[in-house]
Amino acid sequence: MRAKQLLLTVLVLLVCSSLMFAGTVSGRVTYTGTPVKAKPIDMSKEPSCAKQHATPVTTETVVTGPNNGLENVVVYISSGAPDDSQVPSQAVTFEQKGCQYIPHVLVMHTNQELKIVNDDQTSHNIHPLAKVNREWNKSQPPGTPPIVDKYEKPEFISVKCNVHPWMHGEFAVLTTNHYDVSKGGGDFKLPNLPPGKYTITAWHEDYGTQTADVTITGNETKEQNFTFKAKAY
Amino acid sequence: MAKLFAITLVVIAIVSAIPILRHTWAAPEDISTHGALIDEQMSETMAEAGISFLAAQFILAFFVWKFSNPGPDAKIKRFPGGAKGLVIAALLVVGIEVMALGIFGVKAWANVYLTPPSADALPIQVQAGQFAFYFRYPGPDGKFGGLHPELINEGTQNIFGLDPEHDVAARDDIVTAELAIPVNKEVHLLMHSKDVGHSFFVRELRVQQDFVPGLDVSLHFTATKVGKYEIVCTQLCGLGHYNMKAYLEVMSQPDFDNWLKQQAGQ
Amino acid sequence: MATTVHEPPQIDRVPDKGHAGNGGRKNLAPSGGDLRVTLDYSPPPSSTGIWVVLFAVTMMFAAFTSALVVRKGSSLDWQSFTLPSILYLNTFLLLLSSVTLEVARRQLAASIAGSRSRAAGPARWLYLTLFLGLLFVAGQYLAWTQLEAQGLYLATNPSSSFFYVLTATHALHVLGGLGGLIYVINKLNKSALRRNTLIAISRYWHFMGALWLYLIVLLWMKL
Amino acid sequence: MHDLSVHAAPHHAPPTSFIRKHIFSLDHKVIGKQYYGLALAAAFIGMFLSWLMRIHLAWNSAAIPGLQLLSSTGAPGGVMTPEYYLQLMTMHGTIMVFFVLTTAPFAAFGNYFLPIQVGAEDMPFPHFNMMSFWVTFAAFLVLMSSFFVGDGPTLGGWTQYAPLNAIGSVGGPGQGAGVVLWAISIALFCIGQLLGALNFITTTLDLRVKGMSLMRLPLSAWGWFITSCMGLTAFAVLMPACILVILDHVAGTSFFVASGLVLNDQMLPHSGGSTLLWQHLFWFFGHPEVYIAIVPGIGVVSHILLANMRRPMLSQRTLIYSMGALAILSYMVYGHHMFVSGMNPFSSLAFSFPTLVITIPSTIVVLIWTFSLYGSKLRINSASLFALGFISMFVSGGVSGFFLAQPSIDIMLHATYFVVGHFHLVMGVAAMFGIFGGTYFWFPKVTGRMMNETLGKLHFWLSFVGAYCIFMPFHYLGMAGNVRRYSSFVDDFLQPLIPVHRFITVAALVTGAAQLIFLYNLFHSRFRGEPASDNPWQATSLEWSTATPPPFDNFGGKHPVVYHDPFQYGVQSSVGDYVMQASPEMVKTEFEEK
């Protein structure tokens, strides 16, 4: 009888702990070597966009931060997370502003609603070059309703505007809700991880992917850094 | 009803002619060395075409006015001279007219297309792609790097598919989205299409030439007036055709040199 | 053969339907009219029509030919290959079929003239022509399988593309000719064959032979 | 086989079942009406598309209510996307050029009246004739289906320039399935027209009745005959071109796609195709096609004028020879569409001169028409008004040819609205006026009822003035350098021209609405129009000497015999100031052409 109660309380405590003791993985993404210099983009073809930028916009394929930080890297749990199946109800938004894609890298869950809006005075054309998912290519004149779509299968999709060749972005369609995109000095943070073994993947559109295994036990913050080798050209 | 037709026809003919006589929507001023001949040819043709147009409409109107619903006792008459006279007139007048136009036209055409560019002409490569023009200057070494289509990546702005990693000539190539040229210096434009057919049209320069995929066309001209002009695409190339344009900046030689330096700096 | 029961074949006894007036190229002004007097004869439409058809076919292959020449000159990716030797056998078969058809036509002409009456002979020659034509098409098919065995498919190289396009288009026209032959044999068995029909079909058939000669020379020179 | 002159055995028995009578009919008259119906439907679809385009050009960001129902991606919220504009433009051009301007004046009127005008019972190959229509109809359905397949119809323009027409869907919306359907449709269309040409040529050469020498053919018959000869050559060349395009799509061949092309940063697999090859093949068809559209008009208009001038043309033969000259020259000039295409600049000159020479026969035709009016007793009615309007339009559209024929000037005008104005006037509006004229002229014979003259004249005035209001400004825009095929005008130098475009759009909407009057008149008169006599215009040619509407075999088992030239007006005869071709009456006339 007593033993039973004891066992019960222990179980309850264990469950509680596993709930409150949620771990975190955080770290920096950096690069070694000299990355290619960001090139300025000449938008003179599209005056309505050009005049929105005091200083010329530069290419966003490789964006670096202070002390070798690398931005726009998608860091996510590629296996081990228990709650992957649930699709977030709120939509993610992909904005076309000043003939740029904001954000440059947009992460979404499979089947999560994707909203594409055009804030510019010019007609844009959204062409996600999907291979696994269905490829489509739609134009969006100014003042038209947002394009709404979703992707069934996980994939990294690069996005082009067929009217403005320089416009280039990335969709990262994942099967997890634990992800972050490195920003600032290349920092990222994956909170709320229940104890367990995880594989963490970092993906960069030009430098490829890296993975690392992390084990979370209880309430702790594990540091996990990634370092990519920069290409000079 | 017939008289109404005649009047309408005359009115239409005159009204159509007015905007042309008043140059309401005329082509912009010519800024090229070869354009004068083309304009001359244009105005001569306009004179001849205009006269034929007005004459034909007026005569038609006059005959309809005069010979419709005549009285019952009216006899039909034959035009003096009959068909023979008309045919001979057409052969002589129109024949000579158009032949003259054709022969004068040859000179204007030859100026643009049948003369080679001078040796010291400034070489610039223009690449047309869906849906923008990009321009490439050889840089200090005066040599263009080779093109590697498989390397083209618009995301990283490697528009021409250059390979600076292995190709030294490509490293100093200057790629721009606007065409800057020095005034009064001949430019030798090497035209290359990245994907489909496009065309290079500058009204002020009196220049229009298609880009032919798989075939590199070249064009040479001399701009005589400093200023900023529009380059537009005139060959249907896809959904963004209407928006495919670039600016032509004609600069004084020193300005051009500075501009080139500044571009090289980036 | 079914034809033997009908004899003599009623060639040209039925009025030439497809043909309403008799004005024709040169016209007879009615007597009493003070107008130009000319021949009272009109060529049956089928014999004019066949030239129209042949002209269209010629234009079509002229277009293909110019396409081939331009395409070959336009870039350096043209790879030549040797034609499958069976083509030469096919050529022989097709030309032979022209001969047999001509024999049939002569015999029928003779039987119209009355010097011969039996249609069995002509019919046999027509069947032989039909058989040779089928052999030709089968042979062409063999040629294609041989090329595919060499790994030369439609899209492998412009040269192979043009080979398949030209031979297939020609083969289709030959099949059309075979249809015509079947029609002729059918009419002959019904003893309702019109001379003009036979003439038209045989012109077409001979043209197919000539066209093929041209094609094989072209392919042999250009591929 | 020589004793058929009086009573011919019936060509093919009159059908009894509804289907054989009205749908799969062998009767050239029914087939002609079917072609007319197809052209009518196509014309209104094409016009509707042009309305949408014009509205978008004039008010670029305006939402056209309900347009999103037509295509949710093409017009989100009713605002037209650039690609949808180009898709509508391509369909407008294809529908109008192929399914209206080729079918109506040539296939429709020709089918109905050529056999009657030569005195035949029917075409020599009625089954081919039936196939000709149904293949054309299938072609139309295939083209229309591209609106509902994949991402819509092709956006490549009716000229479908390579390599955009061959690289597949990477080229943009509609460049995959859309182009394939387009090419299949056009290839089918070619087959249909080749079958038609076969019948037209044999009819003209072999089925003429006694006394109907070639020179006694009415000018309309000459128009159709010459056109069918052109069609035979042109369509036989376009079909192979379409086949090659289809192969580039479905079989992965490289006929038209050059090597090393990069789209969306991906290199295309094709190698070394020739871009100019398509242009050569297409324009070898494309230029004669312009004359295929206009030459029947020339014939029909001459035919209408004769009956309304009440006098012969100054010279029937000169008109015939001029039409022939146009036909032959049309094959020597196609290169003038390619002056700035990178073709050898010397060949540009070689193509320029014959193009200028075309002016001569065209001028002769106009002069003969105009000066035949001198001393005539011109009747004004809807038909003759449209015929006169045709002359005016033909001149207006023709003179701009002076400019485009010259490579040096073409540098400035190529691919601008000047070209659009040019071919819309000369090949669009003029040909349309020919169709309208023919309709008002022959409607009584076809239906046995007259069309309403008042509505007809109203239709003429709105169309005539409206067409000038639309297409004259096109020339001004072109001279100002307004590039064609732009879905909106974003360039700085195009902004000031937008008001002109608004004016054109308003004119286009009004003129288009005026065509509804014609439609109403057509159907109302068909059932309510006042009954027509056998020869309401006192005309001479054979179609007027048979019953109205003509019996199944056109002449009730008989073959008429022709005694006179078709232009015997202005003579004294028992019936009046004309003598019919089939009447044996001998009249003296000073206009006998020996």
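Think of it as A, B, C and D in the order they're written, each chain with its own count starting at 1.
We adopt the following convention: a contact is a pair of C-beta atoms (placed from the backbone, for glycine too) under 8 Å apart; a residue touches a chain by one contact, two chains touch by 3 or more.
Note that the structure is predicted; figures quoted are calculated from it, not measured.
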From chain A, the most remote chain by mean C-alpha position: C
Chain-chain pair with the highest tally of contacting C-beta pairs: B-D
Distance from the mean Cα position of chain C to that of chain B, given in whole angstrom: 50
Inter-chain centre distance, chain B versus chain D - centres from mean C-alpha coordinates, in Å: 29
Gap in Å, rounded to a whole number, between the CA centres of chain B and chain A: 48
Rounded Å distance between chain A and chain C, as computed from the means of their C-alpha atoms: 68
Residues within chain C bordering two or more other chains: 74-75
Chain A: positions in contact with at least two other chains: 122-123, 125, 139, 160, 162-163
Shared interface positions of chain B, touching two or more other chains: 129-130, 154-155, 214, 238-240, 243, 245
Residue numbers on chain B that touch chain D, as the complex places them: 1-2, 5, 8-9, 12, 16, 19-20, 24-28, 37-38, 41-42, 45-46, 48-50, 52-53, 56-57, 59-60, 63-64, 67-70, 74, 76-79, 82-83, 86-87, 89-91, 94-95, 98-99, 101-102, 105-106, 108-109, 112-114, 129-130, 149-150, 152-155, 161, 193-197, 199, 201, 203, 206-215, 217, 230, 232-243, 245
Complex interface listing, chain A residues touching chain D: 122-123, 125, 127, 129, 136-145, 147, 160, 162-163
Chain B-touching residues of chain A, taken from the complex the two chains share: 36, 39-46, 59, 61-62, 122-123, 125, 139, 158, 160, 162-166, 168, 205-206, 232-233
Residue numbers on chain D that touch chain A, as the complex places them: 61, 73, 76-77, 79-84, 151, 169, 172-173, 264-266, 488, 490
Of all residues in chain B, those that touch chain A in their complex: 129-132, 154-157, 159, 163-165, 176-178, 238-240, 243-247, 266
